[in-house]
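The structure is given below, and queries will be raised subsequently.
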């Protein structure tokens, strides 16, 4: 997974948001490396409002980092 | 969903807050793309104080990002 | 609710704290717009230490934003 | 409660920490204004590790704000 | 406990991390001042993955503050 | 564990992310120093979506710190 994150810079806020989602997922993969096990859990948490809100919280934290890294896309917005 | 977030800039703090709510919801949609499933969960968490507080926490995190991106609306406030 | 948040600026830290409490509540209202339903939940979470602590966490996050928006009330303090 | 928070400035980091604890408690008081009810809950959450950790999280969030407001007590440290 | 936190400055990041752990624990002590009670809870939460992760979250929040207070140990690193 | 964290600086964002994962784990080790006990818990939380999301949240918080410490890898990205 060495080159999975070459930069925090993105062209648009929407791409920054997608990157935040990716960053949120990588920690899960590193803690539970077994893909089959992760697939087993997916329908469970995807149907659990509390888990979905918690995922959204992680994304929000990463998005804050990425948005600052991009100077909030100030120049282009 | 490519153009759903053209900018973090908003004219007013209230619009910034609305954008924070939107950002909080998008992560849920990306994790649970099935709209019918999301609709099924809505009455559950809308009647659950813990879930509502957790949603408010996610909104608070995004609002912090958006407020900083708008320099806290300093010029206009 | 268009003019509910004209500015993040407040004259004092205590007013900033009050605003943080308000910001924490608005997300709940937007997610559960039914006032009667919110009133039904109030005695429940007001008697639940975990919920009260979670509310305090949301307020803390918003207070951080407001305090920074006011430059920590540096000039007047 | 108008003058309860005249400033975020404190002379020492330890006083800043005490202020963070105070800020964490005020939101609880505003949400549950009945002092008797709060007293009833105290032994419960004071004996619950999860609640104590959650309280510590709120304090950490407020301490971050206060520490920044004091420029991390840089001049005096 | 007046002199327990003379400064947020540390010589190394590792010492800053230790200080973050200390800051996380102090809020617990202030909320549950009875040392025997805290000792009673320790084996419980030390064997509970959720509690350990929550502790780690508090430490992360304090470490962010301390790292910024030390300008991320930029000069010496 | 004295030299376990010589610096927050990393060459790449991906290395910064790995360091965030490490920082998240150290607090767990300090709270539960018994390695056998930690090993006992691992399969439990690795199969628990809520715990995995909570781990990801801690990593996100540390990554924010590390990314800022590296100026978001701005020069090299």
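Per-chain residue numbering starts at 1, and chain names A, B, C, D, E and F are given in the order in which the chains are listed.
The rule is simple: a contact is a pair of C-beta atoms (placed from the backbone, for glycine too) under 8 Å apart; a residue touches a chain by one contact, two chains touch by 3 or more.
All of these numbers come straight from a predicted model, not from anything done at the bench.
Touch-path distance (fewest steps) from chain B to chain F is 2. Annotation of chain E and chain F: not jointly contacted by any chain, touch as defined at the top. In summary, the pair chain B and chain C forms a contact in which the copies contribute largely different residue numbers, shared numbers making up under half of all those used. Averaging Cα coordinates per chain places chain D and chain E 15 Å apart. Averaged Cα coordinates give chain D a centre that lies 27 Å from the centre of chain F. Between the CA-based centres of chain A and chain D the separation comes to 31 Å, rounded to the whole angstrom. Across the assembly, chain C contributes residues 45, 50, 54-55, 57, 61, 64, 68 that each touch 2 or more other chains. Taken as a contact graph, the chains are arranged in a single closed ring, with each chain touching exactly two others. Contact residues of chain D toward chain C in the complex are 1-9, 23-28, 30-32, 34, 37, 41, 44-45, 48, 50-51, 54-55, 57-58, 61-62, 64-65, 68-69.
By the touch rule above, chain D contacts chain E in their complex via residues 12-14, 17, 21, 45-47, 49-50, 52-57, 59-61, 63-64, 67-68, 72-74, 77.
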